[in-house]
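In what follows, chain A forms one complex with chain B and a second complex with chain C.
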Partner chain A sequence: MPGWPEKRVQIGARAKRVDAPAKVAGAAKYSSDVQPEAWLYGMILRSKWPRAKVTRINLEKASQAPGIKAALAVREGERTVRYYGEELAAVAGTSKQACQDALRLIEVDATPLPFVVREDEAREESSPRVWDNAPNLARFKVVEKGDVDKAFSECPTVVEGFYTTPVALHNPMETHGNTVAWTDEGVTAWSSTQAIFGVRDALAGNLKVPQNQVRVICEYMGGGFGSKLTAGAESGIAARLSKAAKAPVKLMLTRFDEALAVGNRPSTFQKIRLGASADGKLQALELENYGTPGIGSGGVTEGASGDVGVPAPFIYRVPNSRVKQASVAVNAGSSRPFRAPSHPPASFGMESILDELAVKLKMDPLELRLKNDPSEVRRKEYQLGAERFGWKENYKAPGSSPGPVKTGVGCAGSTWWGGGGKGTQVEAQVNPDGSVEVRCGTQDLGTGTRTVITLVAAEMLGLKPEQILVRIGDTRFPPSGGSGGSTTAPSVSPAVYDACTKALDELQKQTGVADARGENWAGACKKLGVNPLVVTGQFQPGLSGGGVGGVQFAEVEVDTNTGFVKVKKITCVQDCGLVVSKLTCESQANGGIIMGIGYALYEERIMDRRSGVVLNPNFETYKLPTLADMPEIDLVLFEMPERGVIGIGEPVTIPTAAAIANAVANALGVRVNSLPITPARVLAALGKDKLSTT
Partner chain B sequence: MSKANAPDSASVSRRYFLKGFGATAAAVATARVEAVAQELEKANAEKIQGPEAVPITLQVNGHPLKLQVEPRVTLLEALRYHAGYTGAKEACDRAACGACTVLLDGVPIYACSKLAIEAQGHAITTVEGLAPSGKLSMVQQTFVDEDALMCGYCTPGFIMSVTALLNKNPHPTADQVKHACAGNLCRCGTYPRIMQAALKAAGVSVSSKTEVISYARLA
Partner chain C sequence: MKPFQYVTATSPGSAQELAGDQGRYLAGGIDLLGEMKEHIAEPKILVNIKSLPGLDKIEPGAKAWTIGANVTVAALESHEGLKKTFPALAQAAAEVGSQQIRNVATAGGNLAQHSRCWYYRHRDIRCLKKGGETCYARTGENKYHSLFTGNTCISPAVSNLAVALAAFEATVIIQRGNKHVPMTIPELYAKAWDNPTSHNSLEPGDLILKVEVPAQPRRSAYVQLSEKAAFDWALVSCAVSAQVEGNKLRLARVVLGAVANVPYQAQAANDFLEGKVLDDAVADKAADLILEKAQGHSHNAYKAPIARALIRQALMRLKG
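Moving on, here comes the complex of A and B:
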């Protein structure tokens, strides 16, 4: 059974991110930066109708426009478009301006059809159907346990609430897109992706090219957060344009496109009833939830994930529960996985109702959690976090904070599955001069994959990180899976371990040096002679894990005159197994918390019910947290090396919004039941939203 | 008045002229009516450029750069796609995120929202220009040391904003750093460490609040 070294030098060190120098110098070439010789711009014409029958697309004028080298319809023949922004046609040309001009020359004959973009309207039978052959509201899936009705009738304390979460947009800084060259030799795609092999296989399938003739490269990519796990329509379009134009085509989406067609986090509308015994033990739960994944789920569109269901009762155990969930289709772009899919909304719903229960029981909400949380790890984290945060001193009865600017505190817990595997293989090449190259067909989203691989290899070989060169992001390297579900570090680390172990064994066999690590390294490698040593390692179970717990505490300040919420402090205690790269692990945790602040206070895709368009498709209207919004962040990495390497990209963003919402409710004494907690919603909760007429 | 706001009179553009006019109009309106008329005439007499590509010369990182671009090409496109300076990134193309920030005569601007032809006659600095000999600048180095980046796509923009701040104000407060970076967005959430890096580059000692606590030790 393999195991990590007891004494570790590189693993867990505060080593610098290995690709940071290239990134700060502007030398790192992202997929959007790559410019093969004679490349052309690609651009997509999108539907301006939320729903329409498209009968004809005339490309004649566009294809003859100055500088245009290719023009194509995304699909042949009549078709129905189902959301504003669906791909219709595309052009490739010698400049951005040539393409912009040409798009205006494409003639589209279409008959607009009735549409619906709001969840509450879409679920009515009388609303226009998104799909002709199915009602918008899917059949509710029901999961029942115990005798719910009896349990409720016996509960002395029952609370009810209705909690809603918005459709949120991933908005990675680098938009979706590719630079693709399709020649007689095959297809090369520089793709901004979280899954190079996934894109390779999708392109090969769509273009009917053998997989060994498709190469996908992603050396650097500007964030994905789940929205870049599949090859979107734009990948195939870029390839087809390249073939038609006989030149490489760079097709990067615009920021506007990002709001329409490349995924989002589904909304939820959660009606929850919770019953407890007099001592606060949870006895009965009823949860009914619906939300929208856009036009549909599963295989309906490329890249859709679809399921809007939340895990319930999330991290708690309730002996009697009835959970009913369904998705409702609307005329909007499909959802995709978004950092810890379904968990932040689940956390918001359950942790909100739990605080309602605490209020009714007149119990400290932390005490109620310690009583009901089945995880020993999380209970320990709560105790540790509470001490650092000063929960005892800072927790006051809801609404008791004096003055117009009120302070409040809240907390919430989380879980995430994670874990490794994904058939990951790693190649290690030891050169006669002692330098080492480690190759793996994984990708670094900004999470620190390169750094993790470097540190594991340095540890195992007894070398310095500078002696290791890591090459990733190319389907010519041994395979690994897509970077989703916080699985990358736990997948690649054991494979690197295995490759390095095999390299040492082989080195001993070939050179006779018993232990080639550390100071023996150079001498042993010299004995290799001319040829470098190349070995392949596989994922090994037992070196990584999943199923983490984490807790967060939030302190907020709410201005009851303006409704403005300021997060003052977040204390995060996150269980993370064996920390490989401390610095990048901390950065991930900060990032998850900050994304959680956005989800709590600012982010929401807003659709116009009359025109069916997204009203806030860029950063001046879709608000992200900024440097000025940063609270003090107190971060504790709760280390359990015996559990192996665990990914923490997702768990850290799960409980933030719920903790903030609970803190706001604690400050105000009334609850804002919908995310994001905007000033308008705060004022409405306080009854200050009506203009005085007297 | 910085150089960016005071181009030499021979190449005065309508925008600069009108901007200057607006600032001083109240005080000297009547006295300058005639001068205004003359200036307007001069502005109108400027050669109309385009729509076809025109030759331009930019000063990028201390070197002249001769390009042939349509007048509607932005400085960002000219840098990235006509000259290979891909350090400045395109993320919104709308002056909303700051990923394209470059310095124009030392002042941070959004390269996506300035036309390349308008940037002629000014010293343009991109992130590539901060480390001409390969040695990272102080700000770049503190970004590396403090891990003030993740995916790195917004990073060049932040580095330019912080660089401009420190050039003007070598000892900024945290609030001044916030103000200087108010026009830059990061989606990975590197803000706390950007703050640390900026302060460290200004010589302030910073410490992270993070701790690793062993579960075993606690249990």
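Moving on, here comes the complex of A and C:
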């Protein structure tokens, strides 16, 4: 069984990101920076109807427009479009303006059909159907354990609540898109993706080109958060435009497009009942939840990212539980996995009702968690976090903070798998001059994969990071899986370990140097002669772990006159196994917390029920937090090296919104049951959202 | 956007001539370019007015200060003398957009900017303000919309500067044909109150040259509340100004922003404050008077308590 070195020099160091200089200087090439010879712009025409029968698409005028080299319909023949923004046609041309002008020349004959965009309306049998052959509301799936009704009847304390979370948009800084060249030799796609091999296989399948003739490259990318795990419509469209125009086509989506057609986090509407014994032990739970994954439902696909169900009772154990969940289709873009799918809403619902229970039991909510949380790791983290956060000193009875600006505190826990696997392979090449190249067909979403690989390789070879060159993001390198589920670091690190261990063994065997590491390295490599040493490593079990626990504490200030919420402090204690790259690990945690703050207070896709459009397809009204909204973040990496490398990209964002919501409820003495917690909702919870005071 | 001609004007007269009926003036471009990209505005000609001489100055005067139309919002925010004399104006400027936006946005552009209503700004919605049949916001998503209107459109005026300038009873000087036409802030927006398709009272070709702010000593304050702490529109804003003699208010003005298609005032509230000594009860009474005719819609009644809180906050700052 392999194991990480006991004494580590590089692993766990606060090393700088290896690609920071390239990014800061603008030398790092993203998909939108790639400019192959004679490239064209590509652009998509989207449906202006939330639902319509499209009978004819006339491209004649568009294809003859100045600068236009190709125009195509996304699908042949009659079709039904099911949301505002669905792809209809596309053009490629010599300038952005030429494409924009041409799109306006495409004639689309369509018969508008009735549609529905709101979850509560869509679930009514009388609403227009998104899919003709199935009701919008899928059948509730029921999971039952124990004797729920009996257990409730025996519980001295029962609380009930209704909690809702919005559809949220991924909005990565780099929009979705790619530059694709399709020639007789094959297809090359510079794609902004979380899964280069996934995109390769999808493109090969869609275009009917052998996989060995499709190359996908993603050297750098600007975030995806789960929305770039699959080849989107823009990949196939760009390829077809490229073939038709006989030139590479760059098709990057706009911010407007991002709100419509490339995924989102499903909404949830959670009705929860929770019963406990007098000492606060959880005994019975009933949860009924529905939400929308957009058109990806209605009994057809059960939601593009799986169904919209949340894990219940989340991180707790309740001996008797009845959980009923269903998805409801609406005429809006499909959901996609979004940073810890289904976990942030699960955390918001369950941690909210738990605090309601604490209120009713007149118990400190932290104490209630320590009593009920089955995870020993989280219980330790709660104790450590409470100490640092000053929970004892800061926790007061709900609503008891004096004055109009009230302070409150709250906490919440999380879990996530985050383990490794997926058959990652890594190639290590040792050159006679002592330089090392490590190659892997993984990708760096901006999280620091290159740095992680560099540090592991440097550690295993006894070298300095600057002696290692890491090449990733190309399907010509040995395969690795998609970067989703917080699996990249725990999948790639063991394979790098294996490749470098084998390379060192082989180098020592070939050259007769007993220990080629460190200062002996150059001499040993010289003895290789003219041929570099190339070794392939595999993922090895035992070097990574999963199933993390994490906890967060939030302190907020709420102005009861204006409803404005200010997060003052977040304390995060995150179980993260063996930390490879401390700075990028901390960066992940900060990013997760920031995203959680956005989910708690600002972000919500707003649909218009009359026109069926997304009303806030921009950063002006789809509100994202800025630096001015940031609290003090106190971060503790709860390291357990014996567990191996664990991914933490997702767990760190799970409990933030729940902790903030609990802190707001603690400040106010009443609960805001819906995210995001806006001034309007705070004032409504206080009963102040009235025109007059009388 | 639709192709357009681009020319640079050297004088207000030439600017007007070049713009004609089909042109628009380009200063910071923050508002206009957004409308053009969404095909909400399709001017045939863009007249660059950034080079017009003398319009980029803040000039103190014994009777009135003059602020050129091309003075950037960032300059208003950071002008030391202005911060001292008209704190509400500097504070209103500081809350506009982001630093990057304030660096290029101009005083004239801020006053002349169009509605930010998300129905109006949507490329595929033809709402009442764009000459369509109905106001979608009235029965739709109206959490950012008005509590007061003189017509059917409920999109609010969102210029921060207008709210502060109204409190100072400033005058905007417009070049209309050969004439310089002075307009008070209420006059500058009166047409938007009456007419759903208007954003202000400017006519095609009208060019804002400068703003004159009476120099009489007043205390003033501007406060706004947004959903975010920075780089966000006001849900409600409030500017107040008054002379304070002894403890008593004279010539007090209370103006609300983002609650009406004009910077909103109530004569009754201003009259009520005359001669009053400020305390919570007086502030609340003023708030009641200004909000008396408020009309809520499905999602915006919460703006009323925010307005109340901001009126109190702003008035209390006058105590000094």
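Here is the rule we use: the second predicted complex is superposed on the first by the 684 of 694 C-alpha atoms of A that agree within 3 Å, B and C clash if a C-alpha of one lies under 4 Å from a C-alpha of the other, contacts with A are read in each partner's own complex, and residues count from 1 in each chain.
Operating definition for what follows: contacts are C-beta pairs under 8 Å (C-beta built on N, C-alpha and C of every residue); 3 or more make two chains touch, one makes a residue touch a chain.
Remember, predicted model here, so these are calculated numbers, not experimental data.
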So, does A:627 touch the first partner chain B, the second partner chain C, both, or neither? both
Is A:145 in contact with chain B, with chain C, with both, or with neither (first, second, both, neither)? neither
Tell me which partner A:222 touches in the superposition: chain B (first), chain C (second), both or neither. first
Looking at the overlay, what does A:317 touch: chain B (first), chain C (second), both, or neither? neither
Does chain B (first) or chain C (second) touch A:175, or do both, or does neither? first
So, does A:56 touch the first partner chain B, the second partner chain C, both, or neither? neither
With both structures superposed, pick whichever of chain B and chain C touches the larger number of chain A residues. B
In the superposed arrangement, does A:609 touch chain B (first), chain C (second), both or neither? second
Could you say whether A:527 touches chain B, chain C, both of them, or neither, answering first, second, both or neither? neither
Overlap of chain B and chain C contacts on chain A, residues 97, 620, 625-628
Chain C contact footprint on chain A (complex, rising order): 48, 84, 97, 100, 256, 559, 561-564, 566, 601-602, 606, 608-611, 613, 615-616, 620-621, 623, 625-629, 678-680, 683-684, 688-693
Within the complex, which stretch of chain C touches chain A? 1, 3, 116, 118-119, 122-125, 136, 139-141, 143-144, 147, 225, 227-233, 235, 284, 288, 291, 294-296, 299-302, 304-306, 308-310, 312
Going by the contact rule at the top, pick out the chain B residues touching chain A in the complex. 70, 72-73, 77, 80-81, 84-94, 96-97, 99, 126-128, 130-131, 136, 140-141, 143-145, 147, 149-156, 159, 177-179, 181-182, 184-195, 208-216, 218-219
Would you mind writing out the residues of chain A in touch with chain B in their complex? 12, 16-17, 19-21, 23-30, 32-33, 35, 95-97, 171-175, 220-223, 225, 252, 254-255, 377, 380, 384, 445-448, 575, 579, 582-584, 586-595, 618-620, 624-628, 630, 632-642
